[in-house]
Every structure is written in C-alpha cells, then in structure tokens.
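Labels A, B, C and D are assigned to the chains in the order they are written; within every chain, residues are numbered from 1.
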Amino acid sequence: MASMTYLQAISDGLRTAMRDDERVMVMGQDIGAFGGAFKVTDGFFEEFGADRVMDTPLAESAIIGTAVGAAVVGLRPVCEMQFSDFIACGFDQLVNVAGKMLYRQGLPVNITVRLPSGGGFSGGPFHSQNPEAWFMHAPGLKVVAPSTPEDAKGMLIAGIRDPNPVVYMEHKHLYRRVKGEVPDGAYETPFSARVAREGSDLAVITYGAMVHTALQATEDLDGASVMVLDLRSLVPLDEEAILAAVRTCSKVVIVDEANQTCAAGAQVAALIAERGFEDLDGPVTRVATPDVPIPFSPPLEQAVLPSVDRVKEACRELLAY
Amino acid sequence: MASMTYLQAISDGLRTAMRDDERVMVMGQDIGAFGGAFKVTDGFFEEFGADRVMDTPLAESAIIGTAVGAAVVGLRPVCEMQFSDFIACGFDQLVNVAGKMLYRQGLPVNITVRLPSGGGFSGGPFHSQNPEAWFMHAPGLKVVAPSTPEDAKGMLIAGIRDPNPVVYMEHKHLYRRVKGEVPDGAYETPFSARVAREGSDLAVITYGAMVHTALQATEDLDGASVMVLDLRSLVPLDEEAILAAVRTCSKVVIVDEANQTCAAGAQVAALIAERGFEDLDGPVTRVATPDVPIPFSPPLEQAVLPSVDRVKEACRELLAY
Amino acid sequence: MHTSTSRAPADASADVAEHLTHDDRVGLLRYMLLMRGIEEKAMSLYRQGKVPGSFYDGYGQEAVSVGAAFAMAPEDRLCILHRDLGAHLIRGVEPAAILSQYMGRAAGITGGRDGNVHFGDHRVGCVGMVSMLPDMMLVAAGMAMAFKLRGEARCALTWFGDGSTSRGDFHEAMNWAGVQGLPVIFVLENNQYAYSTPTRAQFAVNPVERAGAYGFPGLSVDGNDPEAVFEATRAARERAIAGDGPTLIEAVTMRMHGHAAHDDMSYVPSEQVEEWRAKDPIDRQRARAVALGVDVEALQGEVRARIDAAADEALSGPMPDPATATDRLFHPRDAEEILLGDGRGPWSGFAARAA
Amino acid sequence: MHTSTSRAPADASADVAEHLTHDDRVGLLRYMLLMRGIEEKAMSLYRQGKVPGSFYDGYGQEAVSVGAAFAMAPEDRLCILHRDLGAHLIRGVEPAAILSQYMGRAAGITGGRDGNVHFGDHRVGCVGMVSMLPDMMLVAAGMAMAFKLRGEARCALTWFGDGSTSRGDFHEAMNWAGVQGLPVIFVLENNQYAYSTPTRAQFAVNPVERAGAYGFPGLSVDGNDPEAVFEATRAARERAIAGDGPTLIEAVTMRMHGHAAHDDMSYVPSEQVEEWRAKDPIDRQRARAVALGVDVEALQGEVRARIDAAADEALSGPMPDPATATDRLFHPRDAEEILLGDGRGPWSGFAARAA
C-alpha cells in the first residue's frame, strides 16, 4: 500500500501492466521523452523504450486505427488522447472499426483508450468535455470511469487485460486533487458499482469526479442518511446495484458532469423509471451540466458545472418531497 | 396538395428551398448528375447546375467543414451524407466546429446535414444506424426526425431557414413506404411534437419510422385508447407535449429504433421520471434496439429492431399494470 | 527518406518469369475464374431475391486482388476490400462460405451479421473491411507496425479505391507508414470511378504521385494484368520484409459493372466500357494459359462445377438463429484469445517462395 | 493541373520594394512589437493568476502572422491560429479586447466563453479557431469555395502548424482546394515542434513538398522575415484572385517558448534555441527601420504605452455574468443575420493596394 494521487495511480497501473505483459504498449502524442501532457507516462520512455512508449504524429484516427491493427495481431495497445475532446477526431475508427469487430467477425480488439476528461479548471469548450455517453451509445465498447486512486489503477489494469475495446475515462480534475491508498502490484477492480457511502434516506448515483462532489454535498445533510453509489463502470452498467440502491432509499438523485441530454445519467434515470418504478418515492432527480459547451471563464464555468451546492439543493428538495 | 412519398417530399422541400433562396446549395457524394444514392436530388443538377448541386470528393469531414466555411460567408449549404453512418467520419467538424461556433463567438452556422438513417432492409452494421443521440448530446446542434411526407418537407424547409446547424434525420425505411398529402409551395413545420393519434389510456412516445410502427401496433389494442405522440424534433425537445401526454394518459411506452443505451428514448424517460413522476401510473416502459450493431441477415435484423409485436406486447403489459 | 515517385508501369516480364511457375500462372487464371464465377452466381441469386440488401462485385478487376494476394505469404496479413473477392479465395476461404455470406446464412463467414464482402476470415489472416473507406488502411498500417516492433519478417497489405483516397484516413495512414517505415503495401485500385464520381472530381493529381511526398515509392501497374500486379506486389513485399518500408501500388483498371447491383452506370460513356472490355483480365490470362498448352475448357468446367456445388451447399444451409442476435457483443475474459491465424490458404504464396 | 513544387525561398527583395511603402515597413514592425508586447503582458498577468487556464504565445514567430495578414484585403477572410496574434491586430482587434479575452473578462472577444487565442472577431472578417488541429483549413477552404461560386474577387487564408499536417483534415482540405481550384492560401507555420514532438517524428518528407501532388504550388519562405512572408502571401493572393487556385506557403520559423506557459521545453537542444535567437524577426525588421531612419525608440515607447493602457482597461473590466452562461446556444430565427463582416482593420491591406 502506498498513498498516491489519482494521477500517480493511473501511472502505476499502466507501469504495472507494462511490466507484467510485454504485449502492452502505449501510444499517443508527446508521451515519450516528454512523459505526456499530464505526465502520466513520466519515466516510461526510459524504462520501456521508444517502441513501447510510442510518440505518434498528431493524428487521432491513426492512433486508434493502428492500435486496432496492432491488437488483432497480438499487441495490447493503450492509446492516450491528449484530451478526451480530441477523440472526436478518432471517432469513426473507435466506433465503427474497434466497436463492431467482434460482433461482426468474432475478432476481439484488445485496445484501451485513455480519455483525460472533464472540466473545472478553465479548459474551455475543447478541453473540458465528458464524452462518455457517445461511447455508451456505440455498441461494442466498454466504458469505465473510476473516481478513486485505487479504482483508477485497478480498472486500468482490468481494462488492459480485457479482450474488448475499453474506453477509460480519467477525470483531469481528480489528477492531483484526490489522494488515497493504492495496493502494490497488479490487481483488478471489477467493472461494477461500488457503494461509496451507505445510506437509506436517499441515494446519489454518480461516477467519476462527481463522486467527490456528491460525497461532499451529502456529508452532513441535515442528518439525512445518504447513500452514494459510485457506478465506476458505465458499460457494462451495474443495473442490479442501481436498482438495489433504489430499493433501499426510494429516492434518487443522479449526478452527471456531462451535458444533460442523453447523458449517462439519462440512461440511469430511464432504467430506474422502468425497472425501479415501484420502489420510487419521489421524482428521479438529475443534476448535470446544461446543454452548452463548457465555457472558459471561471464564473461561467462554475455556473454550468454541477456544484456541491446544486447537489445539496437537489437532495434537500427531494428529501422534503 | 399532392400525394407524395416521404422521399418525394424531401426532394420537394429541398427543391422549394433552392428555388426560393439562391443561397441554398446542396453538397454530397454522387448527388449531381447521378441524383444521389437514393435519388433525392434527381433532376436538381439539370435545374440548378453543378455549382449549387455539388458533387464532392469522398470526404465527410471536408463536406461538413467546407459547408461551415461557406455558411459563415453567406451560403446556406445542405450536406448529404450518403448514409447517416458516414457522419462518424465528419463527426469532429459537426460537433466541434459547427456546434460550438455560435455559443463561443456569436457566429451562427446555417448548415443543414441530411442523414439517411435507420434499418429494416438488410443494410447491415454500417448502413442502418440511428445516430441522433450522439448529436443530441452535442450542444449547439438542432436535431429533427420527421415521420410523414408533410413534415419531411416542412421540417426540411424550416431547417434550411433556421440559422443554426440542423441535423435532419430521414429514415430510409420510410422513403418509399410512406405516402401522404403534401402542401404545395413553401411552408414550415415547427420543431415541436405532434399528436399522431389522440388517446387517454396510454401514450406511445416516439419519432421517425417508429411512429408508423407505434400507430400500427396500437390501432386496435383490445379497445384501449392509445395516444401516439410524434416528437418530430429531438433538439429542441418538446418537453411540454411529453409531459402533457403523461398527464393525460399516466402510462407511457417510449419507442426508439436506436440502440437503447443513452438513446433519445432514455432522455425522454428521464424527463418523465423527473418532471412527470406524479402523473405516472406505471413504469416508464421502453422499446428500443438492444445494444448491438445492426445485423445484416433478415432474421437477425428483425430480432433486434423494435417490431409491431414488441410494441404491442409492451403496451399490453403496461395497460394491464 | 525521400524517394522519388515513379509512374512508369512496372515492367514485369523478366521478374515474373523468374517467380511464377507454370502452375502459378494457371493458378492465377483459376482464381480469377473462380472470383468471376462466384460473383456471377451471387448476382443471379440476388436477382432471385436470395441475397438481401445490396450486391457489389469486382467484375473486370479480378487481376487486382488475385495478382496482389498471390504474392503474399501465409504469415502476412490482409484487409480485403469490396471488389477483391479473389483475395479471399487465395487465402483459402471456401466458395460455399462466401455464397452463404452473401445470402446472410448461418454458414457465412460472419454468420449473417454482416453482408457482402464485408468479411475477413481471421483464421486465414484477414480482417474484414468496414464500410467507411478507407479505414482499413490504418488497420493494415497497425498490423505492420506490430510486425516491425516485434522484428518479424512479415507484412500487411490492403486495397482501397480511387475515391477513398480523398478521405483523411488515407493521409493519416500514408504519413504514419512513411514516418515509421512500416512493412505495409497499399494497393490503390483505380477503377476510374467512385460510385458515379469520376476521378477528375476526386483529385487534381493522381494520388500515386503522392507517395514520394510521404517518403516511399509509388508506382502504377496495369491492373488488368494479374502477372503485373503480382510482380509489383512481390517486389513491394520484398522491400517491406527487407525493412525498406511501404509501397503504394496503383493498379489501373476499370469498374465494368455498376457501383452495386441497382446501378446501371449510365454515367459511364459506353466507349470507355468498350475500350476496357477489350482489356479483360481473364481473357488476357486465358490467352497466356492457352499459349502454355493448358486445357482451359477443362479448367473452366472444373471451376463451374465447384461453384455449382458451393451454391447447392450454401442454399441448403439454414439462416441464423434469431435467438443469437445479441450474442457475442463482448469477448469473455476467460475465453481463449483469438488472433488472426497463421494462414492456411493453398495459394498463400506462390510456388517460387516455397522453393 | 499538376504544378511542380518549389522549395526555393521566395526571393522577396525586388517585389517587396515595389509593394511596401516606408510606412508599411514600419507598420510591420509596429504590429510585431505590439504582438510581442501584448503576449509578454499576458504572460505576466498569467503569472499573477489573472489569466485562467493555460497560455500560449507566438514569441519568435511574429513575422509569420504579421507578414501574411498584412497582405490580405479587408474583403478577405481569415482563420487565425494560436501563434498568430499579430493577424488579429492587423484586422483591427483592440489590445484591450485581447487582454480581456485572455483573462476571461466580459469585454473579451468571446465574452469569456472561450480563452486564449481561441477567438475571431467576425466583424473584421475572422472565424475563431477550434482546438482540433487543423480543422480550420476546411473552414477556410469553404469560405474560398463560396467566393469562387459567387464569382467574388476575394480569398481566404489560414495558418496551421507542422504537427497539424499529420491529421486527415489537412489532406481533405488540400485535396478539396486542389480539385476545385479554390482561392485559398494555406500558411504552414513550421516552427520545428508540435508540443514536444520534432518534425522528424511527424513526417518523413516536408509537407510543403506535397502541394504539387494536390495540383498547386508549395513554396518555403523565411518565416522570420516579415517582408518575405508578406511577399509570398501577396503573390499567392494575386494568384488566388486571378482564379489560379490555392497556394501552400511554408514559413520556416522556430517556436522560441514552450508549447504553453507550463512547458520549459527542456526537450529542445539549447543550440537550436540560440541559433534561432540570432534570427529574431523583430530584430531583423528593427534593423530595417533603423536603416530607414525611423525613431525606433519612440515607436517602442508608443507601443508600450498602448499596451499599458490596454491592460489597465482590461483589468478594470468585469467578469462575465454567470446568469448568462446558458444564453445564445441557438440563434433566434427572427434575429438579424450575422455574417463575417467586411473588415475594417486599418492595415487590412498594405498601402500599395489602396493606391
């Protein structure tokens, strides 16, 4: 066990996976000698060499497409997008080539795509997005979004070992802000939900950076017993854990940093409305970012991202229902 | 008034818009002398010439990107994707360039992107998709999906006149299958929902090709009075009409041809679970395509696409609730 | 790294004689006949309503896929495109499996999940194409990248059309292959049209000219001569294996049918069709075979019989079970790893290599 | 259509004398000083925590944006990239508006919605860049397409970096511009690096060599000489307006600062930095001005005063109102049509054109 930031845990997971399995390689822009825009691969170039820590041209479609090719002949590439936003430039290869290969022809595509995502630091409209819902709506991709250092490492290792394409959402705002104990060596965190805090009056269902917002918002909510469910994996979605939370609490607030329409949170709400209906004791409440690009200037950005206060307010209102 | 197929109505709308406004031009692969893969622009080349009916190279990103450029200096390009599936190759330009321009810098982008979508004719995994939810989750794009010839024409004209980027979903399976009366000349269909059939026991909320599936499935459902709400527009989403349907019927089935996770139907269900909760008299039921690529072979394709029988069954079950 | 581009048709004659045996030359003809015959059969099944969806063929372009695939070794890896049925045959895919594929039957390579030539049999080292053109160029480059990283003497090859060259992925693949010096062969199948669009509306300069600007050679060959295509590919493969990097080969040919079954290609001038009909690749190879003393009638009969038997087999097979429609979205962690196999096509590799 | 590529540095001297007046040459220096001064001011505001997010500058590359924008007419349209602040100044964007933009203030060009040089003032004919590189090449090509379709004697210009050339949109734009013969100028700002990536990891052959393979000329100029960049752009504009199609201009320069404020560019050999420091574009133009008898001290003082005043103004402006954060997602149907304006920059066009 060591105490690590979320960022360090990602590095540790990646390094562990590479030490364990020489088929694992990383590809991306400026990840070699420079160590990556966020320094996730700092020191990797020295340890693993230029072949396994590959600086690529500025070409996202090529990063995904060549990774698919390398994967089907036996490598296990981990692709880094410099920011998750740039996956829009590799969208087709991810969705159409990687996502559909197994279903169509029985050929698994063992790639992992790391997407540094999320806002909260004036990244503006092109460095703050949370694009996970696009990939939830693209069959054949797994989508995970850890919130703690321990899960960040364990889910990255599990993702790399998973024979399917895994979209790994790493929230930039957690990189240096969140610290925690991380087990040594290789371990896997399952692609299922985790109860971040037990509770019985109300359940906040969320994932990624918003887990911390939710925990903070509900730490002391007028004495209410609030469960926080950390989904961790979006595809597969742990439907049983979600429905169990509804059964226990009967009231649900879903918190999602992405733009609200057709977000992960919409899917969770729809699931509950269909299969948890009888257990509900109030409207399925959502807190998300309104449907606008993420603005750059702090007052504007703070106005759109879900805040501790907005989550508090939503919970209070629902508790009073 | 003339009786037209859905396809003819799209052509008629496009031709009308081009006759009315010389800023309107169409761009796409094989749309010139050939008249387009589905013959939507048949005869346009002869009437409007090569400049306004532009055959483009095989380059979707370029189609969207150059259309944006032409739009901001005063043209009104209508882009045709040969199949909606290929928009994955122009995704970045649509989502990041077109979608965010106005919000960021006050510059509207008057383009319309026609996406021939949907399955039901053995198009297979790359010619059958319903990608509208991706664009609902990309702020700054309007998304419409007419179901009748009259609306197809009126919404296309409205979309072309709308100063914002409009993603126009035209369901291929309706092209020649659906016929109806279409007013002459220019008119606009508003971007709001339409009650396709009144009813009070249960509401089926849907759009596009599924409107016809829903109407057929509920025509004679053991004497139940079933409302069918045709959303027509997905962004903006007519939330009031949806909530009114819930108030009237208290029971809702949402039918969506797209893959179910994070689909348009998920957003509608989430809306109802939040703001229509008190009016609900049963779970919010969804019928959609499971999360797999659309298979080619008829028995497989029929097994995944929402059918009249599946809709019937879902309605019956909910009515009995 | 900058190698100048040559468009002079590769003069195959000398080298070809060195590398193709008598049987190889007959083999080339046999595969072309098989390709044309299967596609004709599929077309008639389509007309009978037994092939769902659309139907695309490579009529008149048989030399391109057959010639190029013939030069590849079992350990090489291929992404085969929609006019390149011959390549599948060379890798050893059975005609019955192909006809089943067209008809969406359970015994098709994709089990009915995808249609047309949208397949690849991973057991013989092929990745099936996606519709989005030319996405497979990047997949091929990626396979070649893995070979290079592991120091393996293998290469990857993919085909793509003149129209496909306009898309960004063409460029990203060319650039990536050039900068990394990958063992990959790009076969640009210039059949003069992309659907209804003639090449002049697709590019101002023939894309084969671009290879030099990516740091590797580009050359044009007569795409209606299987031996010329073979020889250019063989030489490109030799370069690739030697660590000399990629090659772009333009095979100049003509799409002699419509884009797909529904297209009467009225946009193609009839003189153009006539001109190319005179250059039919099968006629050309048949003449060679006759000159070699081969009983071509017998060969044609043999091929026809094989196709008829395949059609019977395919037609008697079941459609897929609808209950399986949502299976295999994800590969289970504990299941066996599946990779592209080691190739087992009888003609994966011409005789001279084995020697 | 195939024009051969020339990489010989354009010999500007003769033509430049013909087109640049004394005042123009001082103007070039003034805009470069203004660009550098504003970026230095912004950097110090960044260090004080007044510029949120990240900060990018064009230190050492001032000649590229200033030289090229100077050659454009008010009716031309520009997509300006992240190292090209000088172009905004030439179009007439006020320093205070730029500093407000960096600081996310309400008076910034985007009102705080976007940051850095991610802006374009549509009133002066500019479309703001997106981060995704080089997407704006297609937008510029599209504007040029509209000009050509309407028969207008105008052109579009955009800049982009060496790294950006690896992406598909570079190719799609080059090909589209070539096949349609568009009045567009592509300025490839080769500053040797893309973030930490040197050009050798980006391409095997200099992309300026590719222009010929798209059917139009590509040429290299000394990107640290504003007059050379001016002259190449002026000539390219003349070609464009005459209907002779696109030009690719490679401006060879060096990124003298890190990729962004956080980057100490330890990956750049210090000799390389030293070598280029000796070629500073402002020093070069300053020497020319001195030779012309200009009081350069006074000019510098004037520029400094203007920047100080701008900073005061920007710092006193309010942050945007959070209540407006979700406004203007869609433009109302009944609102006035907004298009790129007609340009009003005092230096949109050099003196000789007006004459």
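By our rule, a residue touches a chain if its C-beta (ideal position, glycine included) is under 8 Å from a C-beta of that chain, and two chains touch if they have at least 3 such contacts.
This structure is a prediction, so every number in the text was calculated from the model and none was measured.
**Student:** Identify the chains in contact with subunit A as well as subunit D, in label order.
**Tutor:** B, C
**Student:** Among the chains, which one keeps its Cα centre farthest from the Cα centre of subunit B?
**Tutor:** D
**Student:** Determine the centre-to-centre distance between subunit C and subunit D, using the mean Cα coordinates as centres, and give it in whole Å.
**Tutor:** From the centre of subunit C to the centre of subunit D is 45 Å.
**Student:** Subunit B to subunit C: how many Å between their CA centres?
**Tutor:** That gives a centre separation of 37 Å.
**Student:** For subunit A and subunit B, what's the span in angstrom between their mean Cα positions?
**Tutor:** So the centroids are 30 Å from each other.
**Student:** Between subunit A and subunit C, what is the separation of their C-alpha centroids in Å?
**Tutor:** 40
**Student:** Residues of subunit C that touch two or more other chains: which are they?
**Tutor:** 110, 113-114, 118, 130-132, 166-169, 172, 175-176, 179, 201-203, 329 - these are the residues of subunit C that touch more than one other chain.
**Student:** Mark out which residues of subunit B touch at least two other chains, giving numbers and ranges.
**Tutor:** Touching at least two other chains: 57, 59, 61-62, 85, 88-89, 92, 96, 100, 103-104, 125-126, 139-140, 291-293.
**Student:** Based on which chains are in contact, what kind of graph results: line, ring, star, complete or other?
**Tutor:** Shape of the chain contacts: complete, all pairs touching.
**Student:** In the complex of these two chains, what residues of subunit C are touching subunit B?
**Tutor:** 52-54, 104-105, 108, 110-116, 118, 130-133, 163-164, 166-169, 194-197, 201-203, 267, 319-326, 329
**Student:** Which of the residues in subunit C end up touching subunit A in this complex?
**Tutor:** 77, 109-110, 113-114, 118-120, 122, 127-128, 130-132, 135, 137-147, 149, 156, 168-169, 172-173, 175-176, 179, 328-333, 335, 337-340
**Student:** Can you list the residues on subunit A that touch subunit B in the complex?
**Tutor:** Going through subunit A, the ones touching subunit B are 85, 88-89, 91-92, 95-96, 99-100, 103-104, 125-126, 133-134, 136-140, 235, 237, 258-259, 261-267, 269-270, 272-275, 277-278, 280, 282-286, 291-293.
**Student:** Quick check on the complex: what are the subunit A residues that touch subunit C?
**Tutor:** Answer in residue numbers: 25, 51-52, 56-57, 59, 61-62, 64-75, 92-93, 96-97, 100-108, 139-140, 142, 161-164.
**Student:** Considering the complex alone, what residue numbers of subunit A touch subunit D?
**Tutor:** Those residues of subunit A that touch subunit D are 29-30, 32-34, 37, 55, 57-62, 83, 85-86, 88-89, 121-127, 290-293, 295-300, 302-304.
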